[in-house]
Structure formats: C-alpha cells, structure tokens
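By written order: A, B, C, D and E. Residues from 1 in each chain.
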Amino acid sequence: MATLPNRQEQVTLDTFLRGIWEENPVFVMLLGMCPVLAVTNSTINAIAMGLATLFVLVASGALVSLLRKLIPKQVRIATYIIIIATFVTMVDYVIQAISLDLYNALGAFIQLIVVNCVILGRAEAYASKQRVGPAVVNALGMGTGFTIALLCLGTVRELLGNGTILGIQVFSSNFEPWVVMVLPPGGFFVLGAWLLLFEWLKQRKAEPAGAAEGATVHES
Amino acid sequence: MSPDSLGFIFLNAAVINNFVLALFLGICPFLGVSAKKETAWNMGLATMFVMLVSSLCAYGINLLLVRFDIQYLRLISYIAVIASAVQLVEMAMKKFSPALFRALGIFLPLITTNCAILGLALFQTFREYDFLQSLAFSSGAGVGFTLALMLMAGLRERLALARVPSVSQGAAMSLMLAGLLSLAFMGFAGLGGSHA
Amino acid sequence: MAGAQPQAPSQPRTPGGAMLRTLGGIAMLSGLLVVLVYHWTRPIIAENKRIAIEKAIFQVVPGAVTRKNFVLGPEGLFPGDAGKAKGDQVYAAYDRDGRLKGVALEAAATGYQDVIRILYGYDPGCQCVTGIRVLKMAETPGLGDKIARDPDFLANFEALDGRVNAAGDGLEHAIVTVKHGTKSQPWQIDAISGATISSKAVGRMIDASGQRMFPLILRYRDGFERRD
Amino acid sequence: MGFLNLFRRHKTFPHGIHPDDHKEQTAGLPIRRLPFAPKMYVPLAQHRGAPAKPLVHPGQEVVRGEPIAEAGGFVSVPMHAPVTGVVRALDRLVPSAQGPKTPAIVIETYAADTQRVGWEMPRDIDQMTPQELVQAVQEAGMVGLGGAAFPSHVKLLPPEGRSIGTVVVNGCECEPYLTCDHRVMLEQTDRLIRGIRMVMKATGAGRAIIGVEDNKLDAVGVIREKLKDQPGIDVEAVETKYPQGAEKMLITSLLGKEVPSGGIPADIGVAVYNVGTLAQLGDLVPRGRGLIERVVTVSGPGVARPGNYLVPIGTPLGFLMQQVGSSSEANELIMGGPMMGMAVASLEVPVTKGVSGVVVFEPDAPDLQRRPIHPCIKCGECLNACPIHLNPSLLGELAAAREYRVMEESYHLNDCFECGCCSYVCPSNIPLTQYFRIAKSINRETRTAA
Amino acid sequence: MGVPLFARGCGSEKTMKTKHRPVEIRTSPHVKKAISVEQIMRNVVYALLPVCAWSVWQFGISALALILVTLVSCLATESFFCWMSRRDNTVRDFSVVITGLLLALTLPPGFPLWMAAVAGFIAVGLGKSLFGGLGFNVMNPALVGRAFVQAAFPVAITTWTPSFLPGRFSEFIPSTLALPFMSPVETREWALERAVDGFTGATPLALHKFEQITTSTSDLLLGTVAGSAGETAALLIFVCGLYLIARRMMDWRICAGVFAGVVLVSLPLWLFDPGHYPSPWFMLLSGGLMLGAMFMATDMVASPVTSLGIWIYGGVIGALTVVIRLFGGLTEGVMYAILLANALSPLIASVTQPRVYGVGRGKG
C-alpha cells in the first residue's frame, strides 16, 4: 500500500479522491487484475462488476472498522475473509435475482471478488485502523477508482470489439469490429496500452521542457 | 475426444483455455512472480500442489453442502477450508520435508487467496465434474499455470537485458507480453475436438 | 455453519476465549446475513430460472406454452429432474390444449474454442428437430457465434429430418453438416461459411444425442402425454 | 557449416574461424638479418612474472650476448645485451605495446663493431641432468616466443603431483600474416629437433608431437624427412583454422583431451612449446648463449619490403619500419598478429621477446571495424565460433548491462582466453572480446579492492 | 576503428596523444569478417523479391497494393517509434523491410488494405519497437502482426481468392479497397463469376481437413492453389531460401529442424492410416509451411542461439504445426507454431547452454 495511515484521519476530499487517481487500485497499484481483465469485454459487465466490488468494499470496510477493536490480531485475516465472503455471497444472490443474463456473463468472477486483493488490502491497511467515516469514504474512493478503471477497459473493448457502447450501436452498421478486443489477448493489450499512455504522460510531464535527453537506456 | 473425457479436460485446462492466458485467473502471481525462472518454477510447483489440494477439498465439501442442501455457504466454506488445508499441508511439509518447504513455503500463503485456486474450485463445481474429472481439471490447470509462468519468466529474463524504451518498462510490458502469449495460445483453439 | 470450520492462522499465545468469541460472533453474523439474503432472493431466482428455461423450451418447440420435466433413460421414463433417476433430462412441451407439441433436450460437443451446449426441440410426430437454442458457448464473436443467431443457419433446424430406422435403434439417416450451399437432403445441415467447425459441432451433437434419444422418445412417447 | 566437417582431412577441434591468412606475402621469403639500430631499448619486464634486475651501470661497455640483468625470481629470466655498445641508462621509461611506459636499459650501439656474439659458455647437453637443463634454460633467458612470453623453464617443472608425458610442439601459426614459425621450421629444423630432445629429457616425456597447420605441408614434409631416425617424435598436420595454435585447442586436436577449466596443460600431463622457442633453445643452450634476437614477421598492406627478419631484442619499432620501407607515419601498427596483437600508439616501442610479428595496415584502408554497432541479433555465429564453447551473445548482453559478476559466476567469463573469434564473426559488429577483457579487469579490480 | 568502451567513466573512445597525432587505442581482434547486419538483411530482401514478384504475377495488382501498404506501414511505424523514443532512425538496417514483405506474403490476397496497414503497425509497434527494436523482439514481428489481425478480423483473413484470374492486372479484388474501419464486401460471388474452373474458396489444407480432398503435388509445388499472397509456390520459396543458406545468411539447421519435426510427427500417422492422415509430403508443401520454415522460423532474433536449442526449436515448430493442423480447430498452424516456439525459445536456450571447454567432462 502506498500509504499506511496509522493515525486517525480526518475525512477530506482527498480521502475519497486518492483511490481514484494517486492510488488507483488498477492503474497504479496493479491489484485485482483478474476481474479487470476478465469481465471487461462489455461496458455493462464492467459497470456491474465495478458496483459489486464497490459494495463489498464499502460494506466490509464499514464492518471491519466497526469491529476493529474487537478483532484479535491473530485471527484478523480470517475474520476479514469471512466478512468479505459474506458480502460477496449476498451480492452474488442479488445479481442472480436482478438478471440471470448478467450473472451468466460475469460467471465466477462475482464470487472471485472474495479473493480480490484490493478488498483485503483495504481492510487490512486502512479500515482496521480508522473510524467508520474515513473507512467508508476511502472504500468509496477505491471502489470508484476500481470502477473507473473497469470502465476504461470495458468501453474501449466494447467499442472496438463490437462497435457498441452499452449495447448501443455507435459506429455505422458497416463498421468492422476488431474481434480481438473482446478476446483474452485484447484485455491484456488494452490494459497494457492504458498503462503505456499513463507512463508516457507522466514521463513527458516529468521531463524539463526541451531536454533532448534520449530514452536510450544504454548503448551496446 | 469427448468433452467429458479426462484427457480433454486436462488439455482444455492446460492450454486451450489456459487459466492465466484465456480465463484471466491468477493474474497477480503471474505478473508478480514471473521475473525469474527459478522463482517462477517454484511458484508453479507450489500452485500445482495447492490446486490439487483445493480441488480435492472442494469436491469433498461440495458433497456435504449438497447433502445438507446448504449451497449458499459454498463460498465461505470453500475459502475457509482451502486456506486451512493449505496451512495444514504447509505445517506438515515444514516438519517432514524442510527442503521442499524452503522451495515452496514462501509462496504458499500468497497462493491461498488467489483467484486461480478459488476459481478452480468454483469451476469444477459449476461444471459438475466427478472425482477423477476434478483431478484431471486441477492437474491440467496447474500444468497450464506453470507453463504460462515459465514462458513469461523466460521472456522477461531475456528482456531484462534488452534496450527497452523507458515508457514500456515495467507492468505495461509484462501485460503486452502476456497479451502476445495469449495471442499465441489461440493456436491451441479446438485442440482435441473432432472436426472432420 | 461457517463458524464450525477450523480457522486458519492459529498462532500461539492467543487469548483463546476472546478469539473464539469474536470468530464465533462474526460467523454467526455472517451466517445470518447470508441466510437472510438467500431466503429473500430464492423465490426470485427460481422464478428467473423458470422463465429462462421456459423461454428456451418454447422457442425450440414452437407453439408450446407449458412444460413438464422428465428423465428418460434406457430404464424408462420418470417424471422429475435429473439426478433423481438415471437418464437424460427431457422437457416435454404442450400446447394450449395440453397436447404434446414436442420435447426439448440438451446436447453438447466441442466447438472451435470450447464446449458448445444447446437445447433443441424434437417433435415425435413428424420425427424431426424443430429448433435449437445455444445455452453456452465460447465461439469467436462474429464468426462461430453466428450459430446462435444466423437466421439461415437456424432455418436448418425448423424441420430437420430425424426419422428413426426400422430396427428402432438409431436414425434412418445420420444428421450431418455439409459445406455451405450444398445442402440437398432434409437430414443435412447447411454450414455457415467461415464457421464450419462450429456448424459441424452442432450437427455432431444433435446426431449423437438423436441416435441415442430419438428411439427412446418414440418408445416412451405415450408416457409424455399429459395426464394431469 | 557443420556438415562439411564430415569431409575434413586433418585433425582439428570444434568451432573456430577461417580468416583470410595473407601469408603468401612472406611465406616464401627466407629469414634475413636486420641491421642494428643506433640505440637499443631492453625493457626489464618482457614476460609474465617478476621483472629482471639490472647487473650493469650507466657508462659501462657491454658485449653482445653478455648478461645485463638477472632473473628477479623463479618465474623470471635474465636479459642479455643485444648489441655491443655502451649502457646509457638503466631505467629509461619507454612505451610498451600494452600502453603504460616501463623501465628499460638503453644501450648505444658501437657503429663500427661487427656485432659478433662475444659471450658464450658451451655445454654438453647429453651429459646434463634435468635439473641442470632447467637452469640452463632459465639462464638462456628463454620465454615463450609464441606470444605469451611465459618463462620457458617454469613449464619444464610440472606442479607437485603431475608429470609430463607428452610434449606438444606448436607449429600452427594460426594468426593471419605471420610466417616466422613457418620459416623456422623450414630453415632451422635440426635446431628444432635438438630443442625437442632437450625438453623431452628435461621433463622426462616419452613422446613429442609437432602440430602443423595444413597450409604449411612443406614444413611437415621437411620435418618428417628429418624425423626418420628420431623415435618418439611425430609430426602431424592439423586443419588450418584459427585459433588452432592456442595450446588448449592444439591439445584437443592432437590428443583429443581437454585442459580442465582454470587448469594448465600440465594437469593432463602435457607441455606445449612453440617451434620458435624450441629452435632457439636447441641453438642457445648447447652454446651457452642468451636470447638476444628473434625472428619477426613484418607484413601487411603498409609495408614495402615485407619479410621475416632476425631482429635484435630492443630494436625500436621506428627503426624497424624505416628498414622495411613503411614510411607513412599514419599507418596502423599491430604488434603480433591481427587477431591477438596489440595496436601500438608509438614508434618508440621496442621489439621484445614475445613479438612474433608486426602487421602494418594503411590508415585509410576500408575498415570493417568502423561499421556501426547494432544490437545483438542472436544469430548465434559467435557461439559457433567460440572455441571454448562459451555463449558470447549472452555474455555481451550481460556486459552491456554491467553484470560482470554474473558473467563470471554463471557464464564462465574467466574461461574466455580472448581469442577474438566472437568479435570477428559478429555481424552486428559488437566488440565482444573487448567487452570481456574489460569485464575481467573490472572483476579483478573489485576483487583486489575488496 | 575505435571501440567505444562502455565501462566506468569511458563512454567515449580513449585517445592517446603521441608526437604526431592522436591515436585511438584499439584492442584485438583487429580484423573482422566482411558480413554485416545490413548486408544479411538486404540479401534476405533480395531473396524475397522473387516470391513477391510471383505473388503479384499470380494475384495481380491487389497483391502489389498489399505488399506496398504493409511495407509503408511498417517503415512508417518504425520511423515513428524511433522518433518517439529519440533514437536514430533504424529503417536503414533493412530488417523492417523484411518484416513488411513477409507480413504481406502471409496475408490473403484481397485482404482489405486498411487492415493490412493495421497489421503493419501492430507488427512493428507491438512486435518490435515496444521491446527496443532490432534484436530485442521476443516474437517474430511479422507474425505478431498477422496473429493480431487474424484474431481481430477472422473473417477477412480466411477469405481466399482464386489465383490467375483473367482480369487481375486491371481490376482490384473488391474486398481490397474496403474503406478504413469498414467491413469488406463479400467476394464469393465476384470470385465465382470470374473463376474459370470450380473455385471452392478453400485452401488445400481446408479442403483436406473438411472435405478429404487432397490437392496434387504439382499444384502445390507451382502454387496454382488458393492461399496467402506469398505462401503458395513452395518450390520457388525453397529455392530462394537455398540462396540464403548458400550465402550463409540463414541457419539451415532451423529449416531442417522444422522439416524433420513435420516428418517425424506426420509420417507415423500417415503410415498408420493413409486414408485419414495426409502424407508428410503434402504437409511439407501445403499452406505456409515452406514460407514459415524458410523465412520466418529462421528469424534469428526470436530463436535460440545454442546449437542443440536450434534443433529443438525447429523440431517444436514442425511438430506443433502438424498437431494444430490435424488435431486443432484451425486448418493452418505454422504461424501459431512459430509464435509458440518463439515464446519457448528463451527456455530452450537456457536448458541447452553449451558445455564449456574443460568443464564437467574433466580430463579426456
């Protein structure tokens, strides 16, 4: 984790925003990559997955924070996992109740939220040390950051791979979809491309204007 | 090969629908532990081993859950039982084979809570595999995971000496490499099916 | 309950009582939450599932409005769901008047990428397949996945010849997929151009299922008739 | 191409390269004596081991052949006056081929002198014990003339627990341009055989094999003729291939054995001597003389009168160049052969005991080494060339990444003997050998620093 | 002739002043073999030109346009990324020309030009520049490009046109000219109208796999069959490859390894059931095997450097090709076999490191 706040935090806008940009779980911390890659072949899946994760993050964050004084150190991880698994099971049933199609599209990945490192990581590093307020706000931020990352992938992949966004035709009907984008390699490529883009922007900003220092690592 | 045959299940889990490269399970260890061949190999072995253990556990628990009609506790009990089973095995290994423990030990706690393991347990349950099929499935998944990890480690070790542009160093390149591997693995599509 | 499961990290020097109390408490709480949600969503999910399966059945057996579940095997026909008796799940579908319109059954085979699973309808009256619906597949979008929606391809299954042979132990003509544009017999399936493998998988699975099941369906035909 | 090996006629070792040999310029020219330079510079450290200690003082007159410095230890040899003249200085710093300046005795030549050798103590080698022979060899100031300039007497005394069974005589001369050993084998065959006999006696070896590359079959013929009544000595032609003359390769070619990594030939009971070394020994030891001159091939596109010259040790290169008609100051001079030799930056560098040749390239000759350097394209040519079976491609990438320790610990860097085959073949023009040299020296430095 | 030394504090050449002039200190060896990377690459281009010419003769201006478009796309991408990463432009080393040519030769004639341009961009961008350019790519760039468009546009890349159509020099195959990002038109009807004899629109491998029709050997040798632009004339490709082998610019062991792999797997199957399994001969001559074995497996950058490794690498490609063709979902497996072997090659290389002289075997 990038920050390990050990003292009690005030709820500020930053508590929320941090998870979206500076400590974005996907783009910066590279956590919870499996669902990010697996379910983002359409925007709707990305949204559903993002919201489900957001819910589990917030609910488990709140509960962990509430119980933080009661949980003995030795069994905290086991306790967190049980708490998370509980909320995931609930989400799983709720999604089944809402739409079977959506449930089938997301497959096992809803249940796999249990092992999503973002959630356990937040519980361990933040919620277990903070009051409920900051814990919930921080979880909201992280969840939103996660959802945004999912959307970044989901929209690109659906748009290129299917010519649609949220199932709505965007390009002319004659558009030739890039099927690879909704196939497994496309997931890796799109996420890789986003990371390349961010890295490029970062390096361009960091570089003093007009410096002609080459990107060459070494000559050989 | 028939879709239910053990050989096909094995092949399918190992290469055709490789856990990492096609199903996106276990991406975190795949990206995290693939920089060196030795660690990748040990991680692969450890994962293979945990997969077998958890597959057996999941098979057993599922029988119980179905018997008592409490499937809604599946997720909670899978994760709890797999974690404890791995812990027990780890303790036994430490006691009886310290050498093996030194090689695999540090990876075991990492593996317990990753998608590949839980995913394996859930998939075999959804697909209603019987005992032998579960065994074939988990060993296939383990072999496939190790294969992907080793290929990735080989490529990354090679690129460690390359003149990689500064933007593409790091996670972005690992993902692109994974994408290329995934692209190459598409060549296994339909292997073992009868197409005549 | 989950709390009864042995818990993972059991370090020494633990204030045992407090630990058990907390774990027990948490387990109770989580059990409670899960059971609550489960009971709340169960009827909705069951209803969703029923709607989904009926939609599929009524699609592959045109004209049907009600259904009944059976298990059909070499040992006979039993009402109910698979798992309780030996055999394959078969859904009998009836029209408004309660007359048997056909039966729906599942079939599966490996396609281009992974297993394709379909539900298809069979009319014992005309001894023909009346429709298919893909339940699960991982075929290439834009290519193999046309088997689910390409109207020309689906038209193959509106009246696909599935006559049982004289001996009553198989099909008169094996159901086969032929190259696009070369269908000449009612028991042939015209492949989708560019997705021959997926098309052939559909042909293969119906043939395999049909060779086994169609004679049985005809033998137990009377058993399907609605008596309630 | 590998399958061509099926048709090869003579023994050889795996891998290696076939550079153009350019020997036709000088191979047919008999050895000629070079005039004496007006001033001679005799460096005190001309060989591996401890430098010699001067015995003379400035202003002293010396006679050609007289010892002017004594051995500085066991792994060291004395020096003898190359000319009759007067000592002008004892520790003048002169440039050396290796770069740093080293102290040398300067002798001003008596121009009027006939330059006869005026100092000898004849011995009857048949009556000498092996110990006496070893001492005689050291007193002769002999070092390996094959290039390494390792004191020859040291190799006569194998380390504790080893004994020499076979003497391998190295007449390969695999470097392009050089023909001095070729001429020695043709012109000084009797001395060579005498030298071999002596070394066999000193080491107790029962057998000697002379290995000669098959581009010098005339030498093989001459030697074989003379060996008719010499039991225990054989001559064998080996394939013309660089670096056939490296002792490890020659041993493998002739005996089918490998010198263990990090070991010396004595570990497998072999001692290797260059033909020039033995021919000199065969001449000097019976007469009780010291090593004062040697045969040097002067060749290359920048030389008007190429040939094999008998050059007094200590002759400055500038004088040598004048004599052979290499006028342009801009020429590129290489001491030794083009594969292993050193580029010299100064014409003041004197000829030393280890210099077997001087190759002169014209400055503006189209130069392949100036090509741009590309990254390694993994063509594998270097692996197929490396006689030690290293992986220069990987070593090169490791060197570029400055992983010097890894190179040494996991990829046998120290087994590389800098033959240059990998650099020679590399289409990407990567200076591999040069990288490895640097890597080794940095490892050495860090080790001594630690 | 100076060697730029990279070690501590000496990024530039070391010079030493003498009386007359500064002299660069060089170290041995002072001579070099005359062969250079540019020369090798240029010769591969020469060897590919006859294959390109044949492809244009066979498929007309569509093939010509395809070759030009991939070439331009690859060159432009290479220049662009060199510029982006502020390196010297490396197009002059000719390796990217090979990538462009080979990419075109592996695409079907009639492949929409805009897709070909995408393939070229991906080939060089994703396949090569991302990793640092020449020498550092982990997979064959041309095949990365092709695999990408195969996964992206599976229909277009399995649409074949007949060879030697009458109007091929005056008229483009309609799908060639599809507008960027738009679907190409159906060419089946168009092809049927023009084809002299019954055109099936299937390659020999597809014919064999789906219809058990075996194409005659002479057709395979001469290339009068459907297929990718440059893969059909096995004989011509073989001869052009031999030229490179003779000039020692290509490793004959890789091609030999591939052929051996193919024969070792397909011969026993064929002997076991000649009716069902095709002969090794057919396997060698059909599809892209000849092009792949001679020009694509031999790309040294992504193959192992060790001798034993090279044989294993070749054998793996041959064996995988047959396995994918006979037991997989695809009709053709050369491309994937090469890509998979590329991915495997660091592992192959690391287990086949040569035994160092004087190490291990000890004395003798």
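The rule is short, and it goes like this: contacts are C-beta pairs under 8 Å (C-beta built on N, C-alpha and C of every residue); 3 or more make two chains touch, one makes a residue touch a chain.
The structure presented is a predicted model; accordingly, all values stated were derived computationally and were not measured.
Novice: Determine, using the mean of C-alpha atoms as each chain's centre, which chain is farthest from chain B.
Specialist: Measuring from the centre of chain B, the most distant chain centre belongs to D.
Novice: Report which of B-C and A-C is connected by more C-beta pairs in contact.
Specialist: The greater number of contacts lies at A-C.
Novice: Can you name the chain whose C-alpha mean lies closest to the mean of all the C-alpha atoms?
Specialist: Taking the mean of all protein C-alpha atoms as reference, the closest chain is E.
Novice: On a C-alpha centroid basis, what's the spacing between chain A and chain B, in Å?
Specialist: For chain A versus chain B, the centre distance works out to 22 Å.
Novice: Using mean C-alpha positions as chain centres, tell me how far chain C is from chain E in Å, no decimals.
Specialist: 45
Novice: From the C-alpha centre of chain B to that of chain E, how far is it in Å?
Specialist: So the centre of chain B lies 33 Å away from the centre of chain E.
Novice: Could you please state the distance in Å, as a whole number, between where the Cα atoms of chain C are centred and where those of chain D are centred?
Specialist: That gives a centre separation of 85 Å.
Novice: Provide the list of chain C residues touching at least two other chains, using ranges where the numbers run on.
Specialist: Answer for chain C, listing residues that touch two or more other chains: 2, 7-9, 30, 34, 38, 112-113, 140, 142-143, 197.
Novice: Where in chain A do residues touch two or more other chains at once?
Specialist: Touching at least two other chains: 78, 82, 85-86, 89, 93, 179-180, 183, 185-186, 189, 215-220.
Novice: Among the residues of chain E, pick out those that touch two or more other chains and give their numbers.
Specialist: 4, 6, 85, 126, 132-133, 135-136, 148, 151, 154, 210, 329
Novice: In their complex, what parts of chain A are in touch with chain C?
Specialist: 67, 70-72, 74-75, 77-79, 82-83, 85-87, 89-90, 93-94, 96-97, 99-100, 161-162, 177, 179, 182-183
Novice: How about chain C: which of its residues touch chain B in the complex?
Specialist: 1-2, 5-9, 30-31, 34-35, 38, 108-115, 138, 197, 200-201, 204
Novice: Help me check something: in the complex, which residues belonging to chain E touch chain B?
Specialist: Against chain B, the touching part of chain E is residues 81, 84-85, 126-127, 129-133, 135-136, 138-139, 144, 147-148, 151, 209-210, 212, 320, 323-324, 327-330, 333, 335-337, 339-340, 342-347, 350.
Novice: In the complex formed with chain D, which residues of chain E make contact?
Specialist: 1, 3-8, 16, 18-21, 23, 25-37, 39-40, 93, 132-136, 248, 251-253, 300-307, 310, 353-359, 361-364
Novice: Okay, in this complex, where on chain E does chain A touch?
Specialist: Contact set of chain E toward chain A: 4, 6, 11, 85-87, 112, 115, 126, 132, 148, 151-154, 156, 178, 181-184.
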